[in-house]
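Once you've had a glance at the structure underneath, I'll fire off some questions.
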Amino acid sequence: MNDSSQAHWNLDHIVSGLRDARVDWRGPRGRLRESGGDREFPSQQSLRAIVLQLCGALFPMRLGPIDLRSEVEDFYVGHTIGSALDALLHQVCLELHHMGRNQTEPESDESMRARAAQIVRQFGAALPQVRRALDLDVTAAYQGDPAAHSVDEVLLCYPGVSAMIHHRLASVLYKLGVPMLARIVAEIAHADTGIDIHPGATIGKSFFIDHGTGVVIGETAIIGDRVRLYQMVTLGAKRFPPGENGELKKGLPRHPIIEDDVVIYSGATILGRVTIGRGSVIGGNVWLTRSVPAESNVTQASLVNNMPNCGLGGA
Amino acid sequence: MNDSSQAHWNLDHIVSGLRDARVDWRGPRGRLRESGGDREFPSQQSLRAIVLQLCGALFPMRLGPIDLRSEVEDFYVGHTIGSALDALLHQVCLELHHMGRNQTEPESDESMRARAAQIVRQFGAALPQVRRALDLDVTAAYQGDPAAHSVDEVLLCYPGVSAMIHHRLASVLYKLGVPMLARIVAEIAHADTGIDIHPGATIGKSFFIDHGTGVVIGETAIIGDRVRLYQMVTLGAKRFPPGENGELKKGLPRHPIIEDDVVIYSGATILGRVTIGRGSVIGGNVWLTRSVPAESNVTQASLVNNMPNCGLGGA
Amino acid sequence: MNDSSQAHWNLDHIVSGLRDARVDWRGPRGRLRESGGDREFPSQQSLRAIVLQLCGALFPMRLGPIDLRSEVEDFYVGHTIGSALDALLHQVCLELHHMGRNQTEPESDESMRARAAQIVRQFGAALPQVRRALDLDVTAAYQGDPAAHSVDEVLLCYPGVSAMIHHRLASVLYKLGVPMLARIVAEIAHADTGIDIHPGATIGKSFFIDHGTGVVIGETAIIGDRVRLYQMVTLGAKRFPPGENGELKKGLPRHPIIEDDVVIYSGATILGRVTIGRGSVIGGNVWLTRSVPAESNVTQASLVNNMPNCGLGGA
Amino acid sequence: MNDSSQAHWNLDHIVSGLRDARVDWRGPRGRLRESGGDREFPSQQSLRAIVLQLCGALFPMRLGPIDLRSEVEDFYVGHTIGSALDALLHQVCLELHHMGRNQTEPESDESMRARAAQIVRQFGAALPQVRRALDLDVTAAYQGDPAAHSVDEVLLCYPGVSAMIHHRLASVLYKLGVPMLARIVAEIAHADTGIDIHPGATIGKSFFIDHGTGVVIGETAIIGDRVRLYQMVTLGAKRFPPGENGELKKGLPRHPIIEDDVVIYSGATILGRVTIGRGSVIGGNVWLTRSVPAESNVTQASLVNNMPNCGLGGA
Amino acid sequence: MNDSSQAHWNLDHIVSGLRDARVDWRGPRGRLRESGGDREFPSQQSLRAIVLQLCGALFPMRLGPIDLRSEVEDFYVGHTIGSALDALLHQVCLELHHMGRNQTEPESDESMRARAAQIVRQFGAALPQVRRALDLDVTAAYQGDPAAHSVDEVLLCYPGVSAMIHHRLASVLYKLGVPMLARIVAEIAHADTGIDIHPGATIGKSFFIDHGTGVVIGETAIIGDRVRLYQMVTLGAKRFPPGENGELKKGLPRHPIIEDDVVIYSGATILGRVTIGRGSVIGGNVWLTRSVPAESNVTQASLVNNMPNCGLGGA
Amino acid sequence: MNDSSQAHWNLDHIVSGLRDARVDWRGPRGRLRESGGDREFPSQQSLRAIVLQLCGALFPMRLGPIDLRSEVEDFYVGHTIGSALDALLHQVCLELHHMGRNQTEPESDESMRARAAQIVRQFGAALPQVRRALDLDVTAAYQGDPAAHSVDEVLLCYPGVSAMIHHRLASVLYKLGVPMLARIVAEIAHADTGIDIHPGATIGKSFFIDHGTGVVIGETAIIGDRVRLYQMVTLGAKRFPPGENGELKKGLPRHPIIEDDVVIYSGATILGRVTIGRGSVIGGNVWLTRSVPAESNVTQASLVNNMPNCGLGGA
């Protein structure tokens, strides 16, 4: 009557095989000793819900509930932010707890919770500035794309704007000391838009990414005001030699500095701690691993013709 | 007992900070004066549901409900399209209302609603042709990819086909005068597939995009029959000088014309109102900003060797 | 009172137009004759749910339910895998049934069901090895990215790891003879991460893709151990001449072989059945259509300077 | 493969049979002529959602969201009531529209909408009094039941209190002129609690129904303050002779008047426009069809022994 | 951090305790031997969904989707019935399979499936008559209750009508030989309305139950046309002596026959295979265990005064 | 365009009116002072989910997931109980916290949590006995109802059995010291079945309630083995005089004792701490307020004829 009537999967065998694999993995890390076996990780699903709430609260009449009326606006905003911050507090607690697992002197629950509440309070206080920064990003997108019909279309439809909403929220989290939450928020945007901005990146005012699929902006990148990027632009790191223990050194400045008013066309790749001078234009598919002065105009042709051995190099 | 017991977020402060930011943003635009404070924008979520219904109605036995039987097919199609068109009517009303906000002589509700109904009726009437066009796209994909095992696999699994379902629907909306709805449908496909086709683009029969991530096709692009594209191909615009008021001119023809039977390999970038002659092959990673005659075979090597200064230029 | 009060969509006309289109499409294929009109295709939605369950069962404390405790771990794993394999059995039946449609001597239901159960049993038995392989991939990612703070962050946040979870599951399905299910699983990852790995590809241990958007790995590609890839890398096929009947030949080895310890930087494109020797480094945006020996260091510059006519060719 | 593979239901025949039945039913009523074929009825599902929202807004810390904190309380209340009243407005419009169908001079849409908004505004303004009345009912339940441990338990667990929340809301709707909405709200409580209070019934302060299953209180019943009822009590109408056209006359006072401080035990039935004097006690299973003076103590025994022919009558 | 961090439930012990209890229960019944361990019971949840679909299909403009328009009506009806009958087929298969478990010569799957399809086909064919019968019930309710404002209110709000929709569907299932499905449908109505009508009961035209909570109508009851019942009426069986093996005999006629045009007031109890003559009125709370002739008027008083020893008896 | 466009609800006024009402209510109770303003009540919705999980774990093949196979049974049971007990722990914590609010020396969080875990552990350990007791109840129902076709039908369809599942779980909670959780579970059954059993009631083996709507069993009732009840039976308390402060005394034995093998027919009401001797039969609609010896046969007639003044009394 049913496809699975006569089926038998040897579940006991699979379950014990997976248990053995977990034991082998956990063994050297001693993970279970610290945590007592609980699941202590932040949740992508929760953060997705939190970001959705914050989007609604930041732009109530456009990203909030479909039938919101202005009389209800402030009630909605307060209720929604209250709910989002409560949920965020739980995620912050999870990350702080996870961070503290390997410390020799574990922090008390009470102290950790107070720290978490402080982080969330500061995050909440930053929301109005986030909104103001996003208004400038939206305006930049509207002015920068001849195909845009209205600022509302830009806010509702442009993946570059959606990526920036996530980034400006993730950036606050990153600076407040919860990098895993920040990273999860960034990856939500990456999954939705194909735009991968590390939450550690510093991005100025009126920033616009058009189309956006394949854009990668690294952890220590610094971007000025009024910069414009197209799809498949990479602001990455050059290859690092691994350290003595075979692992890569973490946290060093290793991504480009892009000054104000720069435009970088699709497919361009800029690697390493180089500086692109203000007002420069970087052409499509260009591969650049050195600094250029202000007002430069860099194209594949100019690289091939003038400086074949330095800029057009490997990683 | 609960993480948030002692928490206090200063919600009043956040709410008033966000209200101030909204007032500053809305002020110069006078948005609230016209609309009475309602949320008058089309909804991505609704359009996603509508497109899902239309996919089912267009391909009932493959994208419709999992247990559909042929006896029910026409009932299902009629019921589903009826429901989708009713929902679409509401979205069309929202876009027309939004467009009309800044007009000096506002259209009557009745007249606007009649116009909306007319648009939806024409959209519905176009569905059979959309299905026939998509059947050709599916066949082209099956014939063009050695890895495809059946036309059904192509319809169910190929992001390029999914992008074309969205595009052919969005294109009808665009031509009927509801560009924001069209754009939202296009962005749904962009988010799902990484393929960004502006709904204003004109695309001929039997079109196939393989893999597709990173493909960008601009608003005024024109593509002939039997054209094939690979991932990360851009059919874009060259840089325009901004107008006197600092904004870019909107709506001018500024993207390539691709004639019949052209193949464009991955990573190729073609910019500006150039024409790629019928039967041409554009190699991978090529950067092209000028027209080429029919049956051309353009590669990076050919560009470097023969015409270093014109085609391999910046944006 | 309601937007759609006076609307009339001529549904009868649309329904009959769509029916005609279906008849025209099905006619030459005789699809209905074999199947009796049922919907006989595997379902992406079901496979998405199955993969989600398997992710939880493979990594219960990190991808399983948010409040899982270690006392429940094995119960959860057994219950979840049992449920996932039952659901998978149904999908396997659908694919076998679909495959068998055009055979001259149709297999009995009983025999087909026994074959399906055997496939699912083997799939279940492979799960522990899949987990062990993924543990190595996670470790490779953690060691390869200076921005990674912990192995847990890598598992939870890295799209390259998510793509590999899908690929290692899809690969087992592909080898067990259900390529359409495998393909659907691969496309779920493609939609979520922008990484398009054909389930037929063979990938060794400790594989890491960073960022990942735009990566394409073809059906017959073979990748060794400890290989690292960046975003927008293509391991593709060169153009094939179509066969006599105008269709492309299917199934031939046509994608690259990447040996152990190779690194390929962003935007590099390697096409055809070429071999990249062990320990080689392929620079960003390189276009390569020939084999290179072990320990090669290939950059755009080296290609332009030393071998202008062979490697830097078109597709 | 599937149970329904060879099934065929003759759907065309069933559909036409049902269409004929609908035509026969609608024919004499001419329903379709007036309404243009829309579905113009209020929705039980919507009203259920509205009542749930109002319950939360009336008792935010006990019936509101499970994690509500007092800082968010007013924001939550305002947002929730705003949303509930918007949804209610739509339902009021549907009822007014439905009522107006058979009028010779149909009201304009604009006028009807203004009337609906006025009703909703008055309903909203009544909510604080509703809350105060319910607080008294809760207190009465707590004081009247020896098994009650706290006022909170009473609010959360007592079906009699749940029924009164619905009744006090339904009563406001009934008085504002939307009896069908009122009735739907009453039937939601009936389905959930087995307590059937007609929204037209007038009920005083500090009312308590214990257990409650099977209680029926008729449309024109009038109940004083501090009255207590047990399960299966009926306050009903005696049989009326049908009017000339065979229909029953509607709207006449035909249910009991219960004065202050009366207690009525389980299974008692009181029928007709009789008055139960203040402070009376009506025993279990008593069947009463005449008035009794204040402070009466009526039991089955007293009825059988003292007044066999008047009170113990049929309907 | 989490309430359950240090908790340990001894799950292994609970699981084995429950397994032992199941083994003890199943042992004597040998249930597992026949069924191979599958879950072979019909599902209340599925039947609830099926009945909801059938309600919509029977009364599309009132119980169907909230925004249904008449243009879509037949499509909706056909699609919904098709889907409901497919789901019903699966439930019928489950019941037939369950019935056949203990037979010495098990029926083939094919034969059972054909029988199931035949049952569903007959069920579908009966739907138009069910609708016509329900139209008469609705009219009877409207005419019988002075508080009813419209036939639409009656259909939407009256639990007695809801119970009859379920009963008329359950009755068809019962007669077609799937009594467990019938019983589940009846219990759905019982849970929702407090009205417990056994699907074996035979009920004539224009039947009306007012209020209804506590009504019980037994398996072999026969009810004529134009009968009216109030809340808490029981049409039950007298006590039977158990058979030799200690079990009660099943299936014998043991419930009352109610002839045409009878009214039975609230709380009346009629037990045994007695006949209530046409046009009789049975008063509230009456306890009756013998037949009465046509046009009788039975009250508690008449029973006490005139026939103290026969009618007013125990069970 | 939208019904609510011009609406304005004076939300500020409603919100402040409701705030005032809350302040007035809370004021005398000082509720907020203790709790810090959190919502500290158990949740009916959570308990409903927990009971649903427990039902599945107690009867996996009949109330568990529809497609459960016996291979998965123990995994499912362990996983589901683990998840249910974790959720229950949270609810127990909420009730203990709520209870402790008014204590002069508040318990530490740690101690309260340990007590809660102990309660949950004991609850879990009782589950196998609960299952065994329910098996006897199911058998009693099957043997006691001539209309029952199988024990499976009884478990799936009989509201009396559903009520007993809830009661036997609620009874364990009640005895373990969490009466509000117990009460909420009892009210879930009351809402679903119309059967109101106080969790404090003590009920023996092989208990069966047929039909059940309107049954009320009080807090201190004691019921022996093999007792059978019909719909609308009340085992209640007589009226108590209120104490000096106007409240009723709580917790005294005040409900009937029903000895083994008693049958009580529909509508019978037994009030006060009386004893119904073993083997007695209580007839329908009987009103009884005194004890009867073993093997009594009590009917309305016997009461009226033989003892008019004692048993047939008021409350």
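For clarity, chains are labelled A, B, C, D, E and F in written order, and residue numbers in each chain start from 1.
Keep in mind that, in the parts below, a contact is a pair of C-beta atoms (placed from the backbone, for glycine too) under 8 Å apart; a residue touches a chain by one contact, two chains touch by 3 or more.
Fair warning: this is a prediction, and the values are worked out from it, not measured in the lab.
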Minimal step count in the chain contact network, chain A to chain D: 1
Furthest chain, CA centroid comparison against chain B: F
Chain located farthest away, centre of chain E as origin (C-alpha): A
Chain pair showing more contacts of the two, C-F and D-F: D-F
Length of the line joining the C-alpha centres of chain C and chain D, rounded to whole Å: 58
Mean-CA-position distance for chain F and chain E (Å): 25
Chain D residues counted as touching two or more neighbouring chains: 1-4, 6-9, 11, 15, 36, 38, 65, 67, 69, 71-72, 74-75, 77-78, 82, 86, 93, 194, 213-214, 232, 267, 285, 304
Residues of chain B defined as touching chain C within the complex: 57-58, 60-62, 64-71, 73-74, 77-78, 81-82, 85-86, 89-90, 93, 113, 116-117, 120-121, 124-125, 127-128, 131-132, 135, 143-153, 156-159, 192-194, 211, 213-214, 230-232, 263, 265-267, 281-286, 297-302, 304-305
Interfacial residue positions of chain A with respect to chain F in the complex: 2, 4, 7-9, 11, 15, 67, 69, 71-72, 75
Contact footprint of chain C on chain F as seen in their complex: 1, 3, 65, 67, 69, 71-72, 74-80, 82-83, 86
Residue numbers on chain C that touch chain B, as the complex places them: 3-4, 6-15, 17-22, 24-25, 29, 32, 36-39, 41-46, 98, 179-180, 183-184, 187, 190-191, 194, 196, 198, 200, 213-214, 216, 218-219, 232, 234, 236-237, 239-240, 246-252, 254, 267, 269, 271, 285, 287, 304, 308-309, 312-315
